[in-house]
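Scroll down for the structure; my scribbles are underneath it.
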Amino acid sequence: MTTTLIQGGTVVTSAGRFAADVLTVDGRIGEIATSIARPADHIVDARGQYVIPGGVDPHAHVKITFGGVPSADDFTSATIAAAFGGTTTIIDFAFQEHGQSLSSTLDDWHAALAASPPVTDVGVHLMISDLTDPAWIDELRAAPATGVSSFKLFMAYRGSFMVGDPAMWDTMRVAAETGALVMVHAENGDAIDALIREAVAADTLTPPFHASTRPRSTEAEAVNRALMFAELTGARTFIVHVSCADAVAPIVGAKARGMEVWGETCPQYLLFDESIYEQPLDQALRGIFSPPARSVADQDALWTALAGVGLDVISTDHSAFNLALRHERYESGGGFTAVPNGGPGLEERLALMFDVGVRGGRISLEQWVDLCCTTPARLFGLGGRKGVVAVGADADLVVWDPERERTLGVETAKSKVDYSMHEGRVVTGAPSTVIVDGVPLIADGELLDQPKRGFLRRAASVEATASV
Amino acid sequence: MTTTLIQGGTVVTSAGRFAADVLTVDGRIGEIATSIARPADHIVDARGQYVIPGGVDPHAHVKITFGGVPSADDFTSATIAAAFGGTTTIIDFAFQEHGQSLSSTLDDWHAALAASPPVTDVGVHLMISDLTDPAWIDELRAAPATGVSSFKLFMAYRGSFMVGDPAMWDTMRVAAETGALVMVHAENGDAIDALIREAVAADTLTPPFHASTRPRSTEAEAVNRALMFAELTGARTFIVHVSCADAVAPIVGAKARGMEVWGETCPQYLLFDESIYEQPLDQALRGIFSPPARSVADQDALWTALAGVGLDVISTDHSAFNLALRHERYESGGGFTAVPNGGPGLEERLALMFDVGVRGGRISLEQWVDLCCTTPARLFGLGGRKGVVAVGADADLVVWDPERERTLGVETAKSKVDYSMHEGRVVTGAPSTVIVDGVPLIADGELLDQPKRGFLRRAASVEATASV
Amino acid sequence: MTTTLIQGGTVVTSAGRFAADVLTVDGRIGEIATSIARPADHIVDARGQYVIPGGVDPHAHVKITFGGVPSADDFTSATIAAAFGGTTTIIDFAFQEHGQSLSSTLDDWHAALAASPPVTDVGVHLMISDLTDPAWIDELRAAPATGVSSFKLFMAYRGSFMVGDPAMWDTMRVAAETGALVMVHAENGDAIDALIREAVAADTLTPPFHASTRPRSTEAEAVNRALMFAELTGARTFIVHVSCADAVAPIVGAKARGMEVWGETCPQYLLFDESIYEQPLDQALRGIFSPPARSVADQDALWTALAGVGLDVISTDHSAFNLALRHERYESGGGFTAVPNGGPGLEERLALMFDVGVRGGRISLEQWVDLCCTTPARLFGLGGRKGVVAVGADADLVVWDPERERTLGVETAKSKVDYSMHEGRVVTGAPSTVIVDGVPLIADGELLDQPKRGFLRRAASVEATASV
Amino acid sequence: MTTTLIQGGTVVTSAGRFAADVLTVDGRIGEIATSIARPADHIVDARGQYVIPGGVDPHAHVKITFGGVPSADDFTSATIAAAFGGTTTIIDFAFQEHGQSLSSTLDDWHAALAASPPVTDVGVHLMISDLTDPAWIDELRAAPATGVSSFKLFMAYRGSFMVGDPAMWDTMRVAAETGALVMVHAENGDAIDALIREAVAADTLTPPFHASTRPRSTEAEAVNRALMFAELTGARTFIVHVSCADAVAPIVGAKARGMEVWGETCPQYLLFDESIYEQPLDQALRGIFSPPARSVADQDALWTALAGVGLDVISTDHSAFNLALRHERYESGGGFTAVPNGGPGLEERLALMFDVGVRGGRISLEQWVDLCCTTPARLFGLGGRKGVVAVGADADLVVWDPERERTLGVETAKSKVDYSMHEGRVVTGAPSTVIVDGVPLIADGELLDQPKRGFLRRAASVEATASV
């Protein structure tokens, strides 16, 4: 029996906070009490600190390539980076190639996972690009029972990831049957493609045109369309990286009429606005993600939706393509159109949201835990196991020091990527101890061990019906 | 040190459920663990049952009169009835008469409380009818610090409780300053008064005209107006007994733009529709409450809002005027206009909502706890103390047997009123043990003790910022 | 100089009504005065009757085939049928085949027109199905200057007429450049196709499944998407045959934010509801048009939008495939999926809308003229020429007898099709004299002449800015 | 028989424009034709100019006092000013004092009219402030038959004009019975009163606080409430001087659900924004009208609503209190609270709206006529008589020179007030000839005659059902 005792902290859950000691027993939370005075294998002093569930990031790309170039991260580096930031669960994506079966797609992913073992278990979503073979629909139907209970669809990136409405229908029908969750990247890829072609024709390829070729209305339209498909098929649906008020509105509308739909945003949409595209190239290139950074008014709307109604999860959309590569591609002649979309963020999410969100008065401490830990776990088949501080749950816990100040930057970051989106930003609040599976993994900035973990099998069906 | 140990149950909170034993120590929850094997003063077997926080009903009338006749209940009977139903906290209203100071109003209420001691502590809201004396505004400002941190306003009942917009402004300004919560009965009293006068002139005074003289639009208008005042003054606002989709919509809108506004409904709006007014008089008179019962479509909309966005609390609006009195008044010549509005419900709320809501698939078990216990406690200054199963919280706990079947009716009810709104309805699910202040108060339908408790002092300011 | 004098009538325009005589001179309206006492080539007694502009039907299919079978009508029969109903201007569609140039498409149409000369000039819209050859985009750009200033897009009928979003973009960009109008059949063809495939798989192919495979949300979604494209491209857009409240809503929203968008509905949506699909097959087959007949509540919403905000035009979507053919196809094994969508209506539009609309109190006399004559003329490049009773306008005029009663039916109809959608319906109100180009064409149910007319060249750009 | 012949102009109506000569006969329009070559008593050369109906201003205060001081204008000066601007019909208000009967109210008004005879007939609305005596409700019911078919209600100005919801109900019920129109000044007077009291307490009484004490939400709330009353009572309702997008929205919503409701705005809301309050006092005081000037975004929204959906009429809210008086009151110690609200505008309306609206590309020529002439006439019981160029209509016509440039200012203005809101603004477009009752009244800036006209009796019921 292995035990860890966390003493003197303030436990924070999505529902409230209270002073309590927490005892973990063999990888599970065994006891929560006013005071626990008992020997334990590990004793952690949490006085003056918060005890929160380990972070859950349901939208992190590890195995991904862009134009033949793989991400700078592998599973080992990505999970170490996440854990250093307080995130103890990530879910990656297995990308189906056109013409590839889903079993082959998952085999490839498992092989990659085995090749660079993670320090925390890693889940996986199936990214669907081609359901023209009925056998693949059968494979899709079988996936949730194997622990892969969420499917990803891209409505944008015409010519690569984008699927048409027929595949969206088929995927959602299977999701409705199985209780799986459908994640949707909602941008109208045809309209954006047309605008980009016009930009290419006009040779207007500098960073500001990345934003102007992806107007808000293309995002709002796609959300609206996806929700129509969700309503007709009955699929539970999760709109990823919502960037603007126009896209929040149809989500609120769908929630108000009782649909099981949720919205996600990411720190980059809360921290950057469209002025980033006017800055010097080295900075502007950090803003090439999709949807693009929007207005300050949109940032306010996103915070309002996180604190109130419309958005339920903060994830990272982590994607670790080097800044050097971004420069090289940009200079290649394609301008913004050639730059890999996305950016790294696994390690910084919890600290940014604590600093800007909680300390900045935008969200409560409980909401921070809910948005970054509890709700993502619940929606992605990990309810009751991850994202909570409750008896019987997995003992993934973080002792969070609310006063620790740090400067974010590539120097100290654990990801292998060569830049930070938030280089130089000073934040207050950091994990002092990170406990995974009941054992301290990180303490005071040191990795104590490097366990080899593997695939995180998730429940086959979304647990959608907790109180929020 | 007094201890009670609850063994073998499934703890249900607003955030989830898990198997655990719970130990209370001197009136507080001391420990929650996978298994607690220790002596205790009281041991409760909760195997196969749920362990939930005691119910919190923030909208229950005990000290109230209608046309000079007092309610059939006193604080003793009302709190016993509530406790038998699993509700361990109620909040009553102190009604300010026109021309009466608030201190006098509260003195009267405390005297009544002392005269019939409750078995659970009872909180109180201040019902404001007259702020024409500036001294009363000062008294209002001082009330939250004395544990009276919520104010009630009636926008209906012209000629009695109804206040005009100026008093609404003043009350909300004080609420904004102090962090108190403003409860609003939102119906346009002038329009309703005009319609009732027209009904009197036309001598159309049977029960269906109770509904037709209070159309949905009068409720929606009043909600909209109250929210405008809330927005301009900055007051946190709680719309009581929302009855229809038209009234939910502006609440959703206000939430979506970030306002601190919440909505409540009651079992009668979920269980009765307007056809009740066409039934035989003895039944139809049970439907004389305001707003009136609406359509089946409105019921659906209310359930959707409870499970999703728009409504946050289920209370009773308990009001115990005898059915005999209702008949007598109706026959007096005034028809529906002379009948006391409202009805009893304290004892039946949790069971009705478990049976129809949880078992009926409308809300989850967690939402039931949230709507009936956690959120009302949080909004009314009892966050962390009541409505939660968490270390350090008050040890008000209910062991809920999900399989126990009962027939509701006045025969077995504990309220002194002479009827039940739900006479003859069979429900499944009931409290087997009710623990108050760490001690079993009721077990297997027996009152084990009759403690004399008193005034429940609430925190001065609403705790509005948990994750929901 | 040829003159016709209409005496003693009440002139009705979209803006009002007044007693006046009207004198036409050489095909134009030359004079309107309190009293004109002058010799004329033709004198028409309009006492007790209305003098209105000839009807304008901008959505009538004449040259059309279904599964290789041509429509029962040709241009001669169709324009005679229209004229007998008081409609003196129709606009047909030239359907581009996949791979066909637009010039060839228009050549085919002109050849068909020449082969069966119409009795009134006939305009044409270009129905676009394929813009993959840039030369065709150039042809599209050139079309408005040749009098073809409106383009039609189908978002439904996957596998035949349906175009994808890229072609919608390209068409709308050209429309925005040239001032042409884009007509959109707005239904999500992919969702409908999936639902139909599911119906085929389930062998649920009776008429009610025609409606259930085309749910309202597929129409609302497509309207929303088309309007997003309209907003980004700047194209003036006309949503054809709006069938339900859900589809009216986004049009109202777009109008409210200043977009140049208009909505059309047809008599069949106002007169039939979904119960038609439950009727005996011979009747149910008359209801196979798309979008399908909806609910009675939707009918109310359409009337409200016609009388108020949201819908601007009533057209027919005339399509003359025989009922015998419909039966044959239905019995072929394909059920509803094999039946030609649409139905005839050219001759009946004005009378139905006068009887049900004006006499039924749904719209005013002026709105009837506006919806059926003035606004369609204005939007489709005929403003000031057609659809008005004004000095200088084309002398296409109808003397309308408001008391004449008729029974609609195939027996008396002039179209060559073998059925009427409204067989047996008795309507009050009919044209007594129809004047085309300043000369009486029909009087008291007799065709007085059979002139050979031809192509109606329309202004290159929509005149969108009159007062409505 | 007196005749006037207008030759060579372009007639502009709300429905279109066409080249035609117009002949008036004995005060009515007798003939409109391509060319009229006949002798006439007066011949007006309109070549290169527009022939439009005389302007109709349904919201002009002539008999009005503020704090005991009467307006600078009388009926003679006001109608001359209006006519010089091309407006040949105005409707004034008879203000009921508290406790005064309506017959006495109207008697007072008629006496004032007789004391300063107007050069064009003048209509009158009844401004209701007190319906506590049932006899006054009977008088109200009788008013439409006497040609007073519109009633005005103020929801603002607590303590003077403001009425409560009960009087709104009673007025609207009478309007619904009689077909009269209810004009509503929609601002929540109680909220504004509270904000003003707070401003007085804080001694923040400079012009910017005029705006901040009347926030948009107070206007939107009042519109919403008035429309609820309109819906329940069935009254046709006209919201005066809408100032902002928030207030347009509920009007659009009501129109979309089929209510007979219309919105008005005034040039000052289109031409001034809130920055006026930051300008030097002499200018800032010109901005003291209610609702106040709003944002540039609101101006855009108003133009959008005028050109599309939501607003139907442009009036002036003319009110001629001298600027000297405004300064004096402001300096009196009351600051903005002591300044008469409103400003003059009768003479400038048509020219401002032609210059900024039509020439500025905001509205079409036809919309200008519709908003300033046709629709106000139609809604206020003058449909077919005023506001149209149609055979049989009153011969009130304006020949409008679209190229004439003028500088607005008090020097050249005909009103007796000592300032212009638009001092120094250069506008293009002016009346060259103004014909009233078939006779030229003004030509080339000269008053040709000074007829003594009187009371304009209007139809008892609103003609609400023309095509718009």
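Per-chain numbering from 1; labels A, B, C and D assigned in written order.
By our rule, contacts are C-beta pairs under 8 Å (C-beta built on N, C-alpha and C of every residue); 3 or more make two chains touch, one makes a residue touch a chain.
Bear in mind that the values here come from a model prediction, so they are computed numbers and not experimental data.
Student: State which chains count as neighbours of chain A and simultaneously of chain B.
Tutor: Correct list: empty, since no chain touches both.
Student: Hey, which chain ends up farthest from chain D, C-alpha centres compared?
Tutor: Result for the farthest chain: A.
Student: From the C-alpha centre of chain A to that of chain C, how far is it in Å?
Tutor: 51
Student: At what distance in angstrom does the C-alpha mean of chain C lie from that of chain B?
Tutor: Taking the mean C-alpha position of each chain, the two centres sit 58 Å apart.
Student: Scan chain D for residues touching two or more other chains and write them down.
Tutor: none
Student: Output every touching chain pair, sorted by label.
Tutor: Those chain pairs satisfying the definition are A-B, A-C, B-D, C-D.
Student: Spell out the residues on chain B that touch chain D in their complex, using ranges where they run on.
Tutor: 164-166, 169-170, 173, 188, 190-191, 193-195, 215, 217-218, 220-221, 224-225, 228-229, 231-232
Student: Over in the complex, which chain C residues touch chain D? Could you list them?
Tutor: 11, 13-20, 23, 25, 28, 30-34, 248-249, 252, 255-258, 304-305, 307-310, 363-364, 366-367, 369-371, 374, 378, 383-384, 388, 390-393, 465-468
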